[in-house]
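Here the structure is laid out as structure tokens; the discussion comes afterwards.
The letters A, B, C and D name the chains in turn, as written, and every chain counts its residues from 1.
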């Protein structure tokens, strides 16, 4: 018996990624799709301009789109709603007793809402109790970070024990991160756009929160300083980041490398269905990872790290790559739900 | 009466950039082209697979290619020779009394060879006297930096008075920087290659030398720490860099901005033919400069800076863009020669 | 004394191309810009998101945008209006005595409206008399073809004397042809979109009209059959076409080549300011013309032809390239106006 | 018990495609890899710069590379040898009793060598008897066509019954078709290269041979006229072709569509392991198939057709897409071998 799940904002680009990612899921079955009034009442196939490679999953195509209102939706819903409406919709569902596992940014920085990367901060789920108490909800809102934040925090996760003090990160982000129609081709063909609105702030503060601790039932961000430079590059899928990092005391290069290689988190221990066997994969080749060549490995759920070397300014520098629409969005939320299911929180 | 000049390695890709850049030059006239034995004796048009946009300059096409040996070459020669032969050829010419203005990397880091960015360190020409003395040459070798270094040092030049302490820089470099055939399209189409052999080291140490001082007739590098992350992106022309910088004491943002806006160097004071009127142009738009849209402005000789803002880790961060094959190569060398001519060093 | 001109729809993408192309024009001076109600009353600099490379022409930036209504507009207006409003606006201006030189598609196929390519069918201006008579206008509407049609008809123009019977053409069209935001980068990055709505029909019927004759004061299309396959490719500027053509009787290859080489039209004879010295430039290299390398030559106003060879199915095949936003749009319209001015039709 | 197979030229780009395609094959097991003297004696992992996405198959990595000489090679060998050596090597293997299933061009046009597309001309295997007789070989050489030819002939295969008379085809070919390093990025970034050496001739004459008949033990090419325009576009994988076709008598559009939809060949009847269930898949959407979005479907072994419509010059026009390195190379050869195995010809 699979657990029925729904997707809020299912006809949009992020919603489509959820629909595709949930196809053939061993524990969850997508039985309910919600979208705007305009789409409600139509078959999903008719309400949706399918933008992803391949064809629309047949089972979902025949579902009738519902309005984004609690009622007959399953208890577990993934939120792919637009930021302009996410606050209201997600709170309505949480208030009505639903577990809302959200990819939207609206509640990410609330200090009683977990901003979850299951390999890195599964203990942050502990603030859920405070959320329910403070807000008087039967339900709950859980969020995953921005797509570039996930890549950075997955790569920094193994290094937390060394005492992260300062991080300078530059991103080279794929066009799929901007949705559809997203980035005009006139802007990005044979070009770089050295600005993504709001991205640097998100990358800086979300990283601090994720790497932070639960103190007194609340999340206290890590005191590390993080500075981000965000760029859009003409790559289809995969965010690449260059990272310089300073630690409380400098470990050996072998220690850092070993931390990457041996890093395993709860998803691996619990053998969650969407968890990559090895969450951080170090590549030896001098010029890897590369977005087009590596992003689809491990079904897009691992983060690839390479080029670990001494940094003349801080302690070490390296690069990391992750799949922005899989590990950085739909896959992240589904893994969050799998963790909660395994922990008995559904 | 124009000054006759020659180009060593004139049939290669960098040589072609020199040929194009020298076309219609108001003070220099390209009268002599040197290349390998294989090409010597042929017309330039027959010895050269012209790879640049547009057509080969007619005047040069009819020149007969000579071997790269001193003799009947003009006193002033630009060197676009390959690193594998540059040391021998350039020393032979300097020994025979030629002024060798080189784009090759071989002598860049010699402490008696100026690594010149005319707006930034024209005083480094003073070590020429020591070079002649130490090497017993009538001639002289002058070099320009690596293409990415020029972009960074032109942008840092105005900030030297604030006391540069630490710099973390990530580059997004154009494919033209790798020459022809250069980067295979299978490597870079819709992809990023996060490694360029030797580039990070060059960017780090050349920057320190350029921003250094002449002490006792020798160049003493700046003690600032520089850490570089170099990447190839699918852009035709134009290297973009993201920069985080720490100063001895933090100036105001307005002071930094003013430093960019008011920066002028000797090329501007002397009104050199290839000098941009404003060497560092600050762009106000949130998403500029961009390589494809801005790189051809000012005939490729200015550096464009944008996105100046507070850095949570250091003092400030910003981006800079320059034309790698113009300001970063042929144009740089020609501007070096123009400066030496204006200073009476020819 | 320059002739004052206006641009209808000046704030849009096509309008911006007109603004840029008219900058420093020796005979026309842009003194009036019209746009939608929403923009009217603002300075052009404030009403316009400038999308073209380089910066907005200073003289135009300070103009106040007017509504697209006749009144104080100059007699000569270029129309860059959107198809949804072009019929009404252009007829209003023509009715009020203006000469409307339009890039819009709305009136192109009217049999009393010249669809003008000045090198190819300047005699079609003769139908202007009938247009005025039939419509009771003091003014006049003149159109230029679709961007891909111009490339094809410029290349076929020299071959008309051989009796064109059948043409099969495949286009590889640049993204700039779709305006801004135009083609989403998710659609075209490392991809081909083998469909452009309405483009094949335009290319087929406009070609027949342009190559047709004026009979009894009306334009009679050429009876040749034309079949078009239109594709969007990830190129910034420049439409490339492959052409197979059958003639009434097969000329020699040398005759065809000679026809390309010696082709000159009225713009060349009259030495019009925007006319390329040689309208059709044949390139000898096996792999040229190429969009990125050749499109900017001759200020984008010539068409480049290459690869002329026997066709196993028809008589000959070849390729042609033209700049879609210059020769294929703004430059085409301006050249049309220059011709009319030279012919005393202003 | 799987059948052991070898790959000639296994370390090159085409050879790597064979190695990857044969991984986990249900009937064939790659046990032998041959390459040049320079590689012989090394482990495959050490002799090969792996250029494909993902990692080198572990089983092959440990094989020792042999010289390309018959002896201990398996009876069935796939040839990925370079054209410069393919004639000698393939004949040596065929002479020594091997079945050489070749992707090289050298023997494709010999009239006693099948140029096989299993869905289209499986009857051409009948000339094998003559080949053995005429050449005095125990072995045999079988070839598959050029990558663009396969896409065209798979799409024309269903239409053969209508009597194909004339075909005009324009290709938009992926960069992977040129191998590695292949097309320089400076040539193809944001550009089209309208020439591929030898490609048009191959596409024209190979198509005629494949669609031809076996008469008197020899292959007689189809008398249809074929004219090809070949272009390289910045796409990673997937050749797209536009096709205009004339038939002996014009069928209805429904008949043509039905021919595509119902087409099945011997690989489908025999349920060969690498055969796509439906070899020609018609896509209804106006703008499909597209290379990046569709090329990986059906493991790259189907050909996708779309945009079937009336042609003003001939009878009908349409587009087709196929995976050039899978269906157009390694997958084609393996399917050829599967057919021969199923027919008892091994």
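Brief remarks follow.
To be clear about the criterion, a contact is a pair of C-beta atoms (placed from the backbone, for glycine too) under 8 Å apart; a residue touches a chain by one contact, two chains touch by 3 or more.
From a predicted model like this one, the values you see are computed outputs, not experimental measurements.
Because subunit C and subunit D carry the same sequence, their contact can be compared by residue number, and over half of the numbers here are used by both. Bringing subunit B onto subunit C by least-squares fit of CA atoms involves turning it by 180°, to the nearest 5. Taking the mean of C-alpha positions as each chain's centre, the chain lying farthest from the centre of subunit B is D. The equivalent interface to B-D, defined as the listed pair sharing over half of its contact pairs by residue number with it, is A-C out of C-D, A-C or B-C. One simple way to say how far apart two chains are is to compare their mean CA positions; for subunit A and subunit D this gives 41 Å. Subunit B has its Cα centroid 42 Å from the Cα centroid of subunit A. Residue positions of subunit D with contacts to 2 or more other chains are 189-190, 234, 236, 292-293.
Across the interface of their complex, subunit C is touched by residues 53-54, 189-190, 236, 292-294, 296-297 of subunit B. Chain contact summary for the complex, subunit C toward subunit A: residues 51, 175-176, 180-190, 234-236.
By the touch criterion given at the top, residues 166-168, 170, 172, 189-195, 197, 204, 225-227, 229, 231, 233-236, 240, 242, 244, 286-293, 306-307, 311-314, 317, 319 of subunit D touch subunit C in their complex.
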